[in-house]
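There's a structure below that I have some questions on.
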Amino acid sequence: MQEMIKERVLTLINEGAADRVLAWETGEFFYDRTPKFFDKNNVNDLKYDSFCGANVTKYLIAEMPKEGKTIVLVKPCDSYSLNQLCTEHRVNREKVYALGVGCRGKIDVEKLRTMGIKGITAITEEGDTLTVSTLYGEKKVARKDALLDKCLCCKGKEHKGVDEVIGDSEETSVGDKFEMVAKLEAMTPDERFEFWRGELSKCIRCNACRNVCPACSCIKCVFDNPKSGVDNKAAADDFEENMFHIIRAYHVAGRCTDCGECSRVCPQGIPLHLLNRKMIKDINELYGDYQAGAEIGQRHPLTDYTLSDDEPSVVHERGGANA
Amino acid sequence: MSVNQEWTPNIVAFCCNWCSYAGADLAGSGRMNYPANVKIIRIPCSCRLNPLFVLRAFQRGADGVILCGCHPGDCHYSTGNYYARRRMTMLFSMLDYLGIERGRTRVEWVSAAEGAKFAATMNDFVKTITDLGENKKLEDLRCKK
Amino acid sequence: MSLTNTVTAEDLIRISGVDPSKCMQCGKCSGACPSYDEMEYHPHQFVAMVRKGQIEKLMASDAIYQCLSCFACLERCPRNVEPAKLIEAVRVAVIRQQGMNHMTANDIPEKLDEKLPQQAIVSAMRKYSK
Amino acid sequence: MWLFDEIVKFHITELEGQVNHMKYSYYPGCTLKTKAKELDRYGRLSAAKLGAELEEIENWQCCGAVYPQAEDEIATKLSAVRTLDAAKQKDQELVTLCSACHHVLKRVNDDMKNNEYVRTRANNYLKLDVPYEGETSVIHYLEMLRDRIGFDTLKAAVVNPLKGVKIAAYYGCLLLRPSGVMAFDDPENPTIIEDFIKAIGATPIKYSQRNECCGGYIAMEDKGAAQKRVDVILSSAKNAGADLIITACPLCMYNLDANATESVLPVKYFTELLADALGVKEED
Amino acid sequence: MQRIGVFVCWCGSNIAATVDVKAVAEAAKHEPGVVFSTDYQYMCSENGQAMIREAIKEHRLTGVVICSCSPRMHEATFRKTAVSAGLNPYMVEIANIREQCSWIHKDMAEGTEKAIILARAAIAKVHLNAPLVAGTSPVTKRALVIGGGIAGIQTALDIADAGFEVDIVEKAPTIGGRMAQLDKTFPTLDCSACILTPKMVDAAQHEKINIISYAELDSLSGFVGNFTAKIRKKARFIDETKCTGCGICTEKCPSRKGLNDFNMGLNTRGAVYIPFAQAIPNVAVIDSAQCIHFRTGKCGLCEKNCSAGAIKFDQKDEILEREYGAIVVATGFKPIDASAFNEYAYSDSPDVVTSLEFERIMNAAGPTKGKLVRPSDGKHPHEIVFIQCVGSRCTEDATKGKPYCSKICCMYTAKHAMLVREKYPDVKVHVFYIDARTPGKNFDEFYRRAVEQYDVDYIKGMVGKVSVEQDHLHVQGSDLINNEQIHINADMVVLATAIEPDPTARALGTMLTASMDTNDFFTEAHPKLRPVESPTAGVFLSGVAQGPKDIPETVAQAGAAAAKVIGLLCKNELTCNPCVAHANEALCNGCSQCERVCPYGAITYEDKEVRSPEFRGIKRIAVVNGAICQGCGACTVTCPSGAMDLKGFSNSQIMAEVDAICR
């Protein structure tokens, strides 16, 4: 598929339909795929394979002042982020050629490590099986066991609003994405408090979640703005740890497409997506099903209302025993 | 939970200028008592209440935060309280999800004519917060006296 | 027999759940009362006299046994004062005292006739004795 | 009793598949087992004919016959709560026939729903597996006819329309007041029994005293006062042109019948006329 | 650093009785930035204000905190004081230590502690205040009056006489309202129509007044000075420009069963009708629900008989879009539905009537041509019972009725009693009353005349039941003075039913964002000092829409509302509220979320070159139109970057208050 993509990109550039492409290149390790802009001269270095989990759409924002049109490679999940960025005028859709690329789920090397596979030197795939070469020999792993968590609750393999699609996709979703949220909801408040203290106290405020998040695209974040009154660089205590994550989840509520990048990049392994997903679940339950980024121009639920919305006390009323 | 006899809750009430602040004034004109630990901050509309202010209040030592605005349909700016209603619902849900006591936050719609409701609401809220005790889960120890 | 315990207006207010200060003395209750002519004190007077603390007069009056419990006063009161509840509270305050039952099981046989339904007996015992 | 049950069963099997079949919990109350048997029997026969199955609450106790108005009366309300809870267990609406029982059950139910003081204490006494909080819906037989079966359905089921009979409906007080709790009909201008009379083919006679009290509760204590009330009511109905007066209350029945100084009008239970109109009366 | 002065008001003993004002002033002194602090008996008095002015000059104050009554009371006063001393008015903050402190607390220590905290919060806020300069917006010099009763007519006439255009929107086919239905007026007993109809004609003929009858307000947008209204002119199926009001169609119409609303349904009218002889506009209207043509497609007799060719069966509702600078609400009242009070047998007997029905019966142009007869059989009545307070003065937990006194019933009942006794001395008249409330010029004299001169039997007590008997109404009530239950066999019973706001008021209130009380009466901006203004700028109140009142009060209030409207329309431009939103260009992402929540469409976007540490180059940013923004702040919370902020209620100001309170 990678070669087909390269070929199509070159054609588009040569035809004058675009000037550059935003895609992935190989990073420090063989499985690293980092976002990069290519022109027709270096497009050959473009990578698209099972390691391309990263969502590159956010990088288009900085590209907007430039002349010409940019091709962006988007997996089905990335297409939602692109649409959301267009809705918010952060990306001008007219300056983008959205090239959908097929996806059958992306591989999480960390997961292989947690399986006890050390010293990985190469990974090849054939059908549903991965062959992992290590310093200590070869191991076979079922592909589905090595997928990123976000792929296990994929929104579906349909690209939304792209200009064309190359390659086929495969369904990777298993089970209910709100399962863990529901589990937390079923806990007592004290259990929940302990759970989140346990998680959020691990936060080192590296800001990776914020930097990767396509919805967290503010030119200057309130947490970096000394005039905002809430700025802080590093959480000094429990409150500030909570505060940062509450506000982050709140700021992206209704806008978060549930791309799962925040949790993917968290070096501490905090399940940050559970905060966003809680907001999504609430929105769906209280204001009707809503998927951010499903199309351009949507009015998100927190900038909308109906006359008969539930009162905030609904939060107190539901959940029964765990009041 | 604190068994400190001295402790009384500190409560911040954000009131929209048009209905609830006037309702609070009416409670005053009617000499309807409610505890002194409720302090009111006037905001133009319930939709002016930024979740940051709520968190800030807890950080600085509030034990309960209540937002009062015009009844849905009666907003001076037509739609402000509808947005506030969604925003606060989502914020309260998030706080609940983090295990913060549900009773610490509340929204009540109080019209300019409802002085008695204002006083009753405050009395009830103070009671709820007194029963809940000190805010421990969202405190910032550096801000404590 | 005489009343052994002092009953206050507060007791009656608590027992009845009635707030006599809501009354505006319009007299609609007494205008509606089917037992008016039988009663020494009328529904609006019960409210006024409880308010003024004139409890003994009420407790000594036969009027408390003349109320039919038909709730016409309560239904039609524009201020939801519920005089019927206050009258019942006075009656309850009387019969709850030692030896103050207005009717006892011994009184029943002479009042019986063949058609008299059980509920007349049960209700009379409930209303007039403790 | 055996025969009676058989008849009921017969009617149910006969009607199954034709009429929308409904099941209710049924509370007869003590008087309906003794002095007011006809109120009960005709009520059941007619219900069966109309496809409503009345399942008698097992081991029911007397409701107390009078609603204790004092806020601090708990013990006297408990037997009513047991009945209400029994209907809740079966997840059925509770149908009553006797106006006095209906009044007591409906008001105690309202207390259990809305009066925290009574609810907490009653539940503390009863120690039910699940506290009772007013979940049961209590309806009077007449409400079942009007709101569940429908007077139109009733009309269609009538085989002996009581043509030309001028009937005065006597509501009394217990069904109507206090209207906030009883929610039975307009307390000052009710129409349900008149509509019932029309449905069975007779002519309702409206008269001014139909919602005034007959004094039934004090009939034992002060016969004279009760007589006075009864005469006013009966003459009002008579002057309006009634041939007959009907009631749903055994206490009113007794009072109107036994305490009238002169016998001006016959008094009947509404269920008797209902059974007559439905053609189930002669079968008993 | 600001130089702040703190002024603590005693408000006589209103504050000083519960708050140690000296302690508050002393505590304020130790707050950062406070260079002057004092207390005084009445800060709002001329002396108090002079003290503030002097302190501003002497101590070169840059900010002022007044600890006093609610800012809703005197914020404007103290801002003016600041201006007169050369300080920007928005450098003044009020700490509300009366309504929200001294009046609700009893304990001095508690009250003082809270007052100090409230003062600190205000001081903390003032530190972050910045001088604000108000913008201006133009004023559309036309007023909209909603409702064409005596209130609306009088307001419109007064505004028009001052030279401004006025539109009256009336939902009925004619103006005139309730007053047109009345027979006589108290306490002078002059004929209602005789004094009203000339005013109706004046309004119709006034070159500045435009009557839009059979129309309702559909929607409203904008703000004071700049409202845009959409008015739905309902199809009356008559061409108003052609109809001459000859009335031939109304006579020819074969469908005669419509209830005559004007006569309170006491008689019937045709499907095409003119409500009453002096209707304005004097134009017929077709009730399409009743009209045979609309139901069957046949008939058309009116069309055939109209020589002017005015019948238009195909007429449709029409939407007029008009701009206004001010709006007057004069929607009036209706009597409550008496069928809620069937203990008085209203639904059972046609001889039990409401007072307004009785008014029509007594009126020479009414269904009986002014002859007093029993509606049931047309016979002359010999005994009439009037019952006052039907549905008034009921508690909110009662099953029915209104909690307020309807104010006019005592007087009109006395009027009715007197008129009956004057015209028919053989008729016995009883009035059941709870209290006879007759404050007003010549009112009590009027009521006493009914008792003394006309021998009306006033019975203190209420009726418990009215029973319909064969040939009479049996009235059973209590006579509290004689301590007896009385029974009267009457021929008629007249119920002085409570009045309630017109049912359209609630929806209108929502449309205008004008606040209402729990009874759906419009709320005034201040119960004493601003009785004809709604709290919503540009919306004024006239007549019973604001609360029960009689005709002279209504006319007086109508004139007062007109004066306020004229005061507004005289201005060429209005000073805007400077507490508006504004976007920080450097921080704005241009994401358009704020635009979505703005109720006024005050936010637009433009691509602009920005040079800031965060961003250099051209970017999309939000621009707030300060003349349109009303300062609600919805946008500020939607903005994730905090670029959008509200002047006067900025994020940092509110957080400073939070900090001061929680400290």
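By written order: A, B, C, D and E. Residues from 1 in each chain.
As a convention for this text, a residue touches a chain if its C-beta (ideal position, glycine included) is under 8 Å from a C-beta of that chain, and two chains touch if they have at least 3 such contacts.
These numbers come from a predicted model, not from an experiment.
Engineer: What chains do chain A and chain B have as common neighbours?
Structural biologist: Both chain A and chain B are touched by E, going by the contact rule given at the top.
Engineer: Contact counts by the stated rule: is the higher one at C-D or D-E?
Structural biologist: Answer to which pair has more contacts is C-D.
Engineer: Using each chain's Cα centroid, which is most distant from the centroid of chain D?
Structural biologist: A
Engineer: What chain is the most remote from chain C, judged by the mean position of CA atoms in each chain?
Structural biologist: A
Engineer: For chain C and chain D, let me know how many angstrom lie between their CA-based centres, rounded off.
Structural biologist: It comes to 26 Å between the two C-alpha centres.
Engineer: Report the inter-chain centroid distance for chain D and chain E in whole angstrom, where each centroid is the mean of the CA atoms.
Structural biologist: Taking the mean C-alpha position of each chain, the two centres sit 48 Å apart.
Engineer: Roughly how far is chain A from chain E, centre to centre by C-alpha average, rounded to an integer in Å?
Structural biologist: Centres of chain A and chain E (C-alpha means) sit 54 Å apart.
Engineer: Among the residues of chain D, which ones contact at least 2 other chains?
Structural biologist: 178-179, 212
Engineer: Show the residues in chain E shared as contacts by 2 or more other chains, in ascending order.
Structural biologist: As it turns out, chain E has residues touching two or more other chains at 343, 399, 465, 597, 638, 651, 655.
Engineer: Multi-chain contacts only, two chains or more: what residues does chain A have there?
Structural biologist: Answer for chain A, listing residues that touch two or more other chains: 222, 229, 302-304.
Engineer: What's the complete list of touching chain pairs for this entry?
Structural biologist: A-B, A-E, B-E, C-D, C-E, D-E
Engineer: Taking the touch rule as given, give the residues of chain E at its contact with chain C in the complex, in rising order.
Structural biologist: Chain E residues touching chain C: 343, 389, 393-395, 397-399, 401, 434, 460-465, 476-480, 483, 485.
Engineer: Can you name the residues of chain C that touch chain E in the complex?
Structural biologist: 22, 24-33, 36-37, 42, 44, 72, 75-80
Engineer: Along chain B, where are the residues that touch chain A in the complex?
Structural biologist: The touching residues are 51-52, 55-56, 58-59, 72-73, 79, 82-83, 85-103, 105-107, 137-142.
Engineer: Report the residues of chain D in contact with chain C in the complex, numbered from low to high.
Structural biologist: 29-31, 34-36, 62, 64-66, 68-73, 76, 98, 100-101, 172-173, 176-179, 187, 212-213, 215-222, 225, 229, 250-251, 253-254, 257-258
Engineer: What does chain B use to touch chain E in their complex?
Structural biologist: Those in contact with chain E are residues 10, 12, 18-19, 21-22, 24-29, 31-34, 36-37, 39-45, 47-53, 56-57, 60-62, 70, 73-80, 83, 87, 111-114, 119, 143.
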